[in-house]
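A, B, C, D and E label the chains in the order they appear, each numbered from 1.
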C-alpha cells in the first residue's frame, strides 16, 4: 500500500446492454494505483465488461477514466485507440506476422512517453521474454504467448490495464513474481488495473479491490478484505479469508522471521522486508485459523492472539461454522475469520462476546 | 526487323500488366476490405457486381467499354478535357478495361484473406493505440499478405493473357495498344505458327518464372502448430 | 511521313504487310497495320479509332461506313477478290464437291457463314452443289478462315473451306472452288474520314497498281 | 425462329458452365488441399503451373488444346475409344478446355480458405476418431465453405463469359458447342448491336441474380467477436 | 480408489525429439483408472508431450497404451485417429461451423460403444452445457468453450484422455465438481487421464500421480503423495503435502462428519460418503499440520493423532523446517509432514524418536 492514503480517481463505468442473448448491467469503480479483480463464474460477463470498458464492444451507459469521459448517454464515444487502455485478451492476440520483439516494438512505437513507465528491457526481463524475442507466436507455448501479450500491453503505457486472465497459463512461481511487479507498477504509475481471474489465490494475492460479478451484474464491490470476509464469495467456501493491516516492528531476524504489530499484539511472520513502521497487508484464510479457550502450551503454533468473538456464522449444509473474532479491541477494523466444526464450537461453548485465543500458523501470513 | 516487331509488344505488355496490377491492388484492396467487414445489405450485391464483367465474352465487354470510352461515352468526355476525342485506343483506356476485367480475380483472394484474419488482430491493434488507418496498414495488410500476393499474381497473369477486351478497345495499334497477346494473335491469324509458338513459349517461361518466384518469396513459411 | 494507319481484315494482313513494304519503298511512307475482324474494326471506326484506311473482308461494311459518313465518299473500291478452296493437308487427295458427301469425311471446317465472307461463300457453294445438308451435318465453324484452317491443320477436321491466299505455298491437296458456285468475295477498302490526307488515298490507289496486282495474284487473290 | 436460335445457346451455356463448375470443384478442391497443406518444394511451381494457362491468349491456348484434343494428341486417343476421331468440337472437349482455363480461379480461393482454416480443426477431428478422409469432408470442406463458394462463382462466371478458347475448340456447332457468348459475339460482329444489347443485358441480369443469390445464401453470418 | 488394488497397465511413453529449437526427452508411465498430472513451468514441454502421445506431433521413441503399440523405434506409427485419445487443447478447438450440440454429436457419432461411458445427457448436465447447445463457438465465453470442448472429448469415449489445462477458464466451484466427476469416470472406466495444469490446488485435488517436467525432461514421477512430499516441487514450498490412506468406519453423521480409521487412530472429517470399510485417500498439507508436546485442551482443532518423529528436514534459506511424523506405528507407510518454524522446533525440543501429538484441522482433510 502506498503512502498516499485512499483511492485516487480512476475508472468509473456504468454500462448496460446486450451481447447476443446475454444481458449485462454493471456499474464499477476502479481507483487508480489499485488492482481491482473482477471475479465470477464462467459466462458471468467478465470479458464482456472489459471489452465494453475498452470500447471494443459498444454498450449503453457511461464510462469515464481519470476525469475524461469515454462514453456517455449523449452519444459521446471515444474509440478504443484513443482510450489508452492496455488489453490482455483471454486468448492472447499477438500479431502472428511479427516476432515477439516486433510485437513489443509495435506497442512501444505507438506509446506516449511516461516517466517511470517500464522500458522494453525491464519488461523483457521481468516477463522472461529474452529467449523468445526472435520467435513468431506460432512457435510459443501457451504461457509464453500470454507473457508476451502482457509485455506488449504494458509497453503501450496504458492508463487503464484490462487483464482478462492474463496469466492463466503461467506457472505459480512466475505468476506470483509477475503479479507482484504489476502491483508495484500500478501503485507507482497510478494505473487502473482491472483484472479477471478464476484463481482465488491469485485474486487474494493480487487484488486491492474485488468486484463480484454474476449473470451480468456486479453483486458486490469493495476492498478485498471486506469482500473476502463477506457473504459474496460463496462457492469455494473453505477459501474464505480476511486481510489484516499490521505494522512492521522489526524486519527479518537471523531466524528469518519478522515481528509485526497488530493493534498492539505481536505477530511473527516469515521473511518480510520493508521499513519498520510501514503498514503491511496480511492475508489470513479462515481455514488456517484455530480457536482455543485456554492458552495452549507446548504447541508448534507460535502466533496466538487474544480476541473477542463478534459473531458466529452458521454454514448450513456443512459441518462448519465461521467465527468472526475481533483482535484489535472494540474499534478495530481488524476482524479474523475462523472456520471450525460446529461440534468444536458447541464443545468449547463459543458465543458472541466470549474472549478466545486465536491461533495462526505463522506460515500462513504473507504479504498479499 | 524481327526484334523491332517483338520488343515493343513485350514492353507494352509488361507496362500494361504492371500498371493494371497496381491499380487492381489500389482499387481492389479497399473494396475487398469493405466487402470483408461491412454488414451492409449491399455487400453481396456489390460482390456480384464486381464479378459481373466476367460473364460477358471479352469482345462483348470490350464492345461496351468501347462505347463507354468512346466519344459519346463518359470516357470521351474525360478524354476531351485532355484534348483527345476518346479514351479508347489509348494506353489509359487499356488500363481501365484491364482493371475492370481483372478486378474480380484480385478482389476475391484479398477479401478471403481479410475475412480469415478476423477481428481480433484489429482489436488488439486498437488497444495498442493504433488508429483504424494505422491498424489497416500495420496489421490488416501484412496479415492478408498471402491474399494480396495471390490477387496480384492472378490479376497480373490475367492481364498478360487478356486479349478480347484489349483487342476491342485498343485497336491493335503498334506501339500503343498492341500487346504481346495480340501480337501472338496476329501471328496465329497469319498462320505463322512457328513464331506464335516461340512467343507463347517465351511468355510461358517468363510468366512461370515471375509467378513462381513471387509466390515462393512472399508466401509465409508454414506456421508450426504449437 | 507519318505512317498511314490501316485497319485491315485479318485474312489480308500478310498481303498488306508485303504491299506496305513496296509502298514505303515507292513513297517513303510506312504503314501501321492493325488487324482484326471486319465487324470489330467497323465498331472501332464508329467509335473514333484513328484509322485512315479500312481494308475490309467484304463489301457490306465499307458500304455502310460510306453511308454513315465514316468514310470519304467515293473512295470505296474492291482491292482484291478472294478465292475459296477446299483444302486438306494430306497430299494427293482427289478433292471435289463430292468430298462433302464422302462418309469418310467426318468434319468439314469453314469460317462463320454469318460473319465471314469466306464462310458465306462456302455455304453458297455447298448450296449450289446441293450438298447443303451434307455440309450442315459435318461442319465445324471457326470465327474466321484462320481458325478454319487451324481445325484442318491440327487434324481435327479432314477438310476445310479456306482462302486460297492461306494455302498457296502449303503442301496438301486442294480444290479451287469455281467462282460460278458462289458470289464473288469482294474485299473492299475505303479511305476513312480521319484519313483526309493524300497518303491515305494514295495507299488505296497504290493497291490497284500493277506491281501490287502481281503480288496479290501470287498470293492467291484475283484482282478485278 | 428467334427463340429457336436463342434458347439452345443459353441451355448449352448453362450446361457447360454447370458441368465445368462441378469439375472445377472436383479437381480444384483436392489440388487446393494439396497446395494448402504440402510442404513439398514443388508447391509453388505447381501453383504457378495451374495459373499459367491464364497468361496465354485464349486463341493460342485454344490452338494448343486443339492439338491435344486432336487425332495426334491424347484427346484423340481417348476419343477413338468412343469411335470419334477427336475430342475437339464435342461437348466433353469444351468441358476440358473450360476446366483448364478456369482452374486457377477456382483453386485460388479454395486454397486460401483451406490455409485460413489451419491445422487445429483437423487435429481436433483426428482426436475424435475422424480419419483424414472423414475430417476432410466433415471439417475441412464445411470450414472452407466460403472459399468453395467463391471459387465456384468465379469459375462459373468465367466459363459463361469464356469465349476465345471455346470458339477455338468448339467449332460453333449449334446445339453442341455454340454457347451464348459466341452467339452474342456474332451479333456484334454483324453490327446487330440491338440484339447484342438484349442478349448481353439478359445474361447480365440472369448472372447477377444467380451470383448474388448464391453468395447471400451460402456466405456464413458474420462471426460475432466473443 | 477402486477395489482392484494397484495400478493397471495403462499408457507408457518414451519419447525424444525436437520441435523447432526445443528438445524433449521424456519417459512417462500413466496407469489406467488414474489421473496423472503433468506439472511444470511454462515452456517445459507439457503440450509437446501430450501432442506426441496423441500422435499429433511426431517424435522418435515408443508409445504404447493398453498393451497396444502406438509407435516404436521400428517405424510403427498408429495415426492419431486410431489411437482413441481424447484431447482438450490448451486453446479450445471447437468446430466453428457447428453449434455446441453438433460438436458433441460429431464426437458421439464416431465413438465406439463402451458400457458405462457417459451418455450425452450426462455430459451436458455435468458440464452445464444445456443453455449453450444451440450456440456456435463464436458466441461462447472462454470457460464455456472449454467445457464444451471437454464434453466433446469425453463423448468420443477415449481410452486415453489428454487434457491440456482443460479448465483454466472455469471458476473454482464448477472446476472442482467437474474434476471430481472426471476422477470417478477414470476409475470406473479404467481410463488413462493425463492432465496438464498450472494450478497446484487442482493438481493436489485431482492427481493420483504426478509427473514433474522441466526443460523437456521428466524430473520426477510417482504417486501424488510422494511427489508432493518430495523435493521435486520447489517453487511453492509451502504447498508440500502428503497423502494418507485411511478406512471409513462411519459415514457422515448428523453433524456431517465421518469417522475414519488411520492405522488404529480415529479421524473425523467432513462429509464423506462411501461404504464403511472402504479405503480412502486423504490429502494433508504440511502447512495445515501443527505439533504439540502436550495434549492440547480447549482447542477447536478436533483431530489429534499420536505419532513419533521420524526425521527433521531443514529448509535452508527459510525460517521453516519440515517434520516427518509416523502416525501408524513402526511399519506404517502413513507419514505426515508438518511445516513449522525452526524457532518452534527448537523451543519444543523436537528430535527424531520423540513422541508428539499431531494436530490436523479437520477441514483440511478431503478425498483428493
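By our rule, contacts are C-beta pairs under 8 Å (C-beta built on N, C-alpha and C of every residue); 3 or more make two chains touch, one makes a residue touch a chain.
Worth saying up front: this structure is predicted, and the values here are computed from it rather than measured.
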item	value
Label of the chain whose CA centroid is most distant from the centroid of chain B	E
Reference chain A; chain at largest CA-centroid distance	C
Inter-centroid spacing, chain D versus chain C (mean Cα positions, whole Å)	35
Chain centre separation (chain A, chain E; CA means) in Å	27
Whole-Å gap between the CA centroids of chain B and chain E	60
Averaged-CA centre spacing for the pair chain C and chain A, given as whole angstrom	91
Chain E: positions in contact with at least two other chains	20, 47, 56, 91, 139, 141
Junction residues of chain C - those touching two or more other chains	40, 43, 150
Per-residue multi-chain contacts in chain B, two or more chains	59, 63, 120, 123, 188, 193, 223-226
Chain B partner contacts - residues on chain D that touch it in the complex	39, 44-45, 47-49, 51-61, 63-64, 104-105, 108-109, 111-113, 115-116, 118-120, 123, 146-147, 150, 153-154, 157-158, 160-164, 181-182, 184-185, 188, 196, 200, 203-204, 207-208, 211-212, 215-216, 219, 222-223, 225
For the chain D and chain E complex, residues of the former touching the latter	120-121, 123-132, 134-135, 138-139, 142-143, 145, 220, 223-226
Residues of chain E defined as touching chain A within the complex	20, 40-43, 46-47, 90-91, 135, 139, 141-144, 147, 164-165, 168-176, 198-201, 235-236, 238, 255-257, 268, 270-271, 287-288, 290-294, 296-302, 317-320, 338-345, 348, 359, 361-364
Touching residues (chain side chain B, partner chain C) in the complex	59, 63, 66-67, 69-71, 76, 85-86, 88-89, 167-168, 171-174, 178, 186, 188-191, 193
Residues of chain A touching chain B in the complex	54-56, 79-82, 84-87, 89, 91, 93-98, 106-107, 110-111, 136, 138-141, 152-153, 156, 158, 162
